[in-house]
Amino acid sequence: MNLSGVFAPIPTPFDDRDEVDTGRLRTALARFLATPLTGFVVLGSNGEAVYLAEDESDRVIAAARESVPRGRPLLVGTGRESTRATIAASRRAADLGADAVLVRTPGFFKTQMTTDAFVRHYTAVADASPVPVLLYNFTALTGVTLLPAAVTRLAAHPNIIGMKESGGDLAHIGDLVADTPGDFTVLAGTTSTFYAALAVGCKGGILALGCVVPDACVRLFQLVAAGRHGDALALQRQLMPLTRLLGPVYGVPGLKAALRIAGYDLGVPRPPLAPVSDEGVSALRAALASFEEVTI
Amino acid sequence: MNLSGVFAPIPTPFDDRDEVDTGRLRTALARFLATPLTGFVVLGSNGEAVYLAEDESDRVIAAARESVPRGRPLLVGTGRESTRATIAASRRAADLGADAVLVRTPGFFKTQMTTDAFVRHYTAVADASPVPVLLYNFTALTGVTLLPAAVTRLAAHPNIIGMKESGGDLAHIGDLVADTPGDFTVLAGTTSTFYAALAVGCKGGILALGCVVPDACVRLFQLVAAGRHGDALALQRQLMPLTRLLGPVYGVPGLKAALRIAGYDLGVPRPPLAPVSDEGVSALRAALASFEEVTI
Amino acid sequence: MNLSGVFAPIPTPFDDRDEVDTGRLRTALARFLATPLTGFVVLGSNGEAVYLAEDESDRVIAAARESVPRGRPLLVGTGRESTRATIAASRRAADLGADAVLVRTPGFFKTQMTTDAFVRHYTAVADASPVPVLLYNFTALTGVTLLPAAVTRLAAHPNIIGMKESGGDLAHIGDLVADTPGDFTVLAGTTSTFYAALAVGCKGGILALGCVVPDACVRLFQLVAAGRHGDALALQRQLMPLTRLLGPVYGVPGLKAALRIAGYDLGVPRPPLAPVSDEGVSALRAALASFEEVTI
Amino acid sequence: MNLSGVFAPIPTPFDDRDEVDTGRLRTALARFLATPLTGFVVLGSNGEAVYLAEDESDRVIAAARESVPRGRPLLVGTGRESTRATIAASRRAADLGADAVLVRTPGFFKTQMTTDAFVRHYTAVADASPVPVLLYNFTALTGVTLLPAAVTRLAAHPNIIGMKESGGDLAHIGDLVADTPGDFTVLAGTTSTFYAALAVGCKGGILALGCVVPDACVRLFQLVAAGRHGDALALQRQLMPLTRLLGPVYGVPGLKAALRIAGYDLGVPRPPLAPVSDEGVSALRAALASFEEVTI
């Protein structure tokens, strides 16, 4: 499976009664298919996966697989806190058509989440999963870190094919790339350092901004692949105001609001998340408009 | 409902096939009933609640309620990340006999978990819950903090009767007590500052050490109630080596190991948690033995 | 030397040309002498010691000693980053009449400031200082922590007589008291947990609020000494709004502004610190007025 | 003044009696002059500047200027906690021949170090300094951060010509470059992300490793300048084991030990710093040997 390029983490639509709305998901995916994105992720962090019951998760996967044709990679987030539930979710995702699973680190009992614990957890999951496994580290949300020491050991497992790293510490990202084999794919998880992550060897990214401005994100990837570092850096700079608004400020509600501005309808976030305020929508609209003006 | 005194958060037993073992739970509770503990919590952090499927949770509650007679308070942890799932869990817990629910803050999307978000979340839960609600803040595990500004607003809700605060910042705990009405119960969540928390107005505690040395924890509470601060402080100091080992070092696996030393069988932790090493068991055994020697 | 009770850390006055103004210092100290404070500290954190040249420091000490009669303890902050400079400053302070020196941990090279490094540093200082030494930990400002493991070793030195701990972690403070001999004095460094710190065995405090409301701070100390914990806690709660404003919000500029409201003139802070805004002065004035109303 | 390229922060030599040894400094500088380094910094963090008295600082500057010919940039660290002392140190450095001053943020009173405070501080210093000023942010040591909001305002000052940023957050570094004029030089402060920092627009670096392996550091700079990103990344990876040992693990003592292995004698660190243990020296020796083997 080729994981190079840009993946978009698709938000999970909820309707006004707080129900998962797979109709809206299919409509959105139909449109996303026309973009140059390499593939898609459902039930990632941006998919509000932690808010879904298991049966809701299954419905999302099934709807996504029906929309995304085989050949276009569909990754499914299946990380749970327990090893047991992660294995069960990974098996169900595979049954429902996932090409690979993206498994966020468990992180509740932080002091116990040692490198040994992570190696045991991911080894058990990879042993049991019918489809390939990608590791996933997102320290800002989990409070734990999957260190290069763990990743290096796990990269030797034949069913673990890559990793998403959502942090912006480039020394850390560079170490992950350098300390793993060439066929282990490290993907960036934040647009704010996407160019730098590609420069140090990431093979692509799973980027919330990839939903909103897919052409620009894919172009940034292609520019680096072509060795056009100066142009890539210029495009990175143009993306900064948008990425700063989306991630730390408005989060998942911001992503849904930005997609609405861009013509997609992915509903509202599930409580306790609240929709972005009118002021926030205006700020997102202004940032999107500025971006479209400056970019060719 | 009287919440004064010491509650023990009962671990959830797993057998060797990683299945919830309600038989072991009943056996343990039968013995805990003979202690002077005010009441019990199931499915708290120490109950590995984040590792349980919803049907497993229900079986634990049902078994606990059958074991704990009405009149002895049984609190059930029902915090989930989404408001919807928290409400559903609280309703099921009430149906199964919980006297009150203990609702840990959601914390996954940290930057979005503002005071307003917490107020909306807990208000919706308290509106829907058939039984009273206790707030629950555990910053070290969740990475978010339920500030006094939120607690003061929520304490006015007729179905929110108290709070568990697991941190050790005594200025914060003192504020929680001072800024809430007299019939709002603030309970300490860590033995390491139990005496100090009682001194600044907490009405009791939900203490992992309450499972292991219930008589000593209850005695500390009674000494403060009797104004015998010097004796209470002396007992607090005797508890320190044990509490230091259990919490930050060995966590839930340590609690299960300490209970085994004390003659209880609550099985093994669920992966990715691993049982305490032999070295750790020896350290716990030594700390327990030292404690029993010095304490009358 | 009796270190029990409340010490006030006296701010260093600067005039409008940014010069140290020992005249204002003498005037202020003359008035502070009439309070029931046990003694005084000059050149502490609140004395903006890090902003003073060595000759300026010497002038402050000399002026303070002329103002504070022998028999009323005068402590002098002499912590520097290097062991060499700390020793030199401690010797000069002793020559100029300091009764003891208060030595903040060095903290610039954080990863190198191990327990062994602290033990070497303080041992060398205590060996060389003609007057007794108090250790001083203020993690929020220095980013390093003097752990109980270091304090226990240092408390055995005959010229190290006590410690100021400015944090609010009561488990840590309780450990410091429990792990040191009875004649080693642990003093609290923050009013926000002063009652709790006394309850777990601190013998007093060095409190910025002791400059502003000395009678109340001393009374809190006396209430705990008399075993009147309930009254002490009530007074602690009355002090909270003031202590919250002074410390984390307005800092040293706030202390100078509050003292001006209370009738003292200690000039302006030294840049890069700036005087408190008019809005801040109003907030401080309101908090002081409220405090005086409720307190008998 | 051309600031492009690699600068080495020269350690300050101390002899066995803990005295500044300008003889050793001259000897070392004579040898450093033969390297392709752009220029030198004395009295930076690696120069243990916080441990020096003002007269010792002056002797170091004078000796360095006598050794470094005009035309080869000599930067001098003059950051102090107070604005007043920083101005005085900058004037003296200029008198003694500094080409520019490198001014680390004050950071003691962390909550008061706002963007406004930094703008006032650096504006006053730049107004008064006879030679150009470089800003200097090192959050890991100071606990405060000079935000792009402050840097953008300060970059407009005619006497502020650039900045050293010692952190590894590439989004932050990219913002600093993007938000300042083209003639404002942003220099990287850590080798661990040197390649990535150059890729996002830094014009060079002030690198401790530049003392130890100057040819390699300069070559990395030149490779990026030539657009040879792949080769630059390969060299960056070869530097990682060394940079990981030097910075977070062994610090300034490690730098002095590594220089001794490389044939320089810069004496011992000043207490409370301690020389690297024998084990540490072996680790450094092994890392240096490995590096020399793989690098052409």
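All chains are identified by letter, namely A, B, C and D, in their written order; residue positions are counted from 1 within each chain.
Convention: contacts are C-beta pairs under 8 Å (C-beta built on N, C-alpha and C of every residue); 3 or more make two chains touch, one makes a residue touch a chain.
What you are looking at is a predicted structure, and each value in this text was computed from that prediction instead of being measured.
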*Taking shared residue numbers divided by all residue numbers at the interface, is the value for chain A and chain D over half (same) or under half (different)?*
same
*Between chain B and chain D, what's the gap in Å when you average each chain's C-alpha atoms?*
50
*For chain B and chain C, what's the span in angstrom between their mean Cα positions?*
37
*Scan chain B for residues touching two or more other chains and write them down.*
none
*Hey, how would you classify the chain contact layout here, line, ring, star, complete or other?*
ring
*So which chains end up touching which?*
A-B, A-D, B-C, C-D
*Report the residues of chain A in contact with chain B in the complex, numbered from low to high.*
18, 45, 50-54, 81-85, 106, 108-113, 116-118, 120-121, 124, 140-141, 143, 248-249, 251-253, 270-274
*In the complex with chain A, residue positions of chain D that touch it*: 168-171, 174-175, 178, 190, 192-193, 195-196, 199-201, 227, 229, 233, 236-237, 240
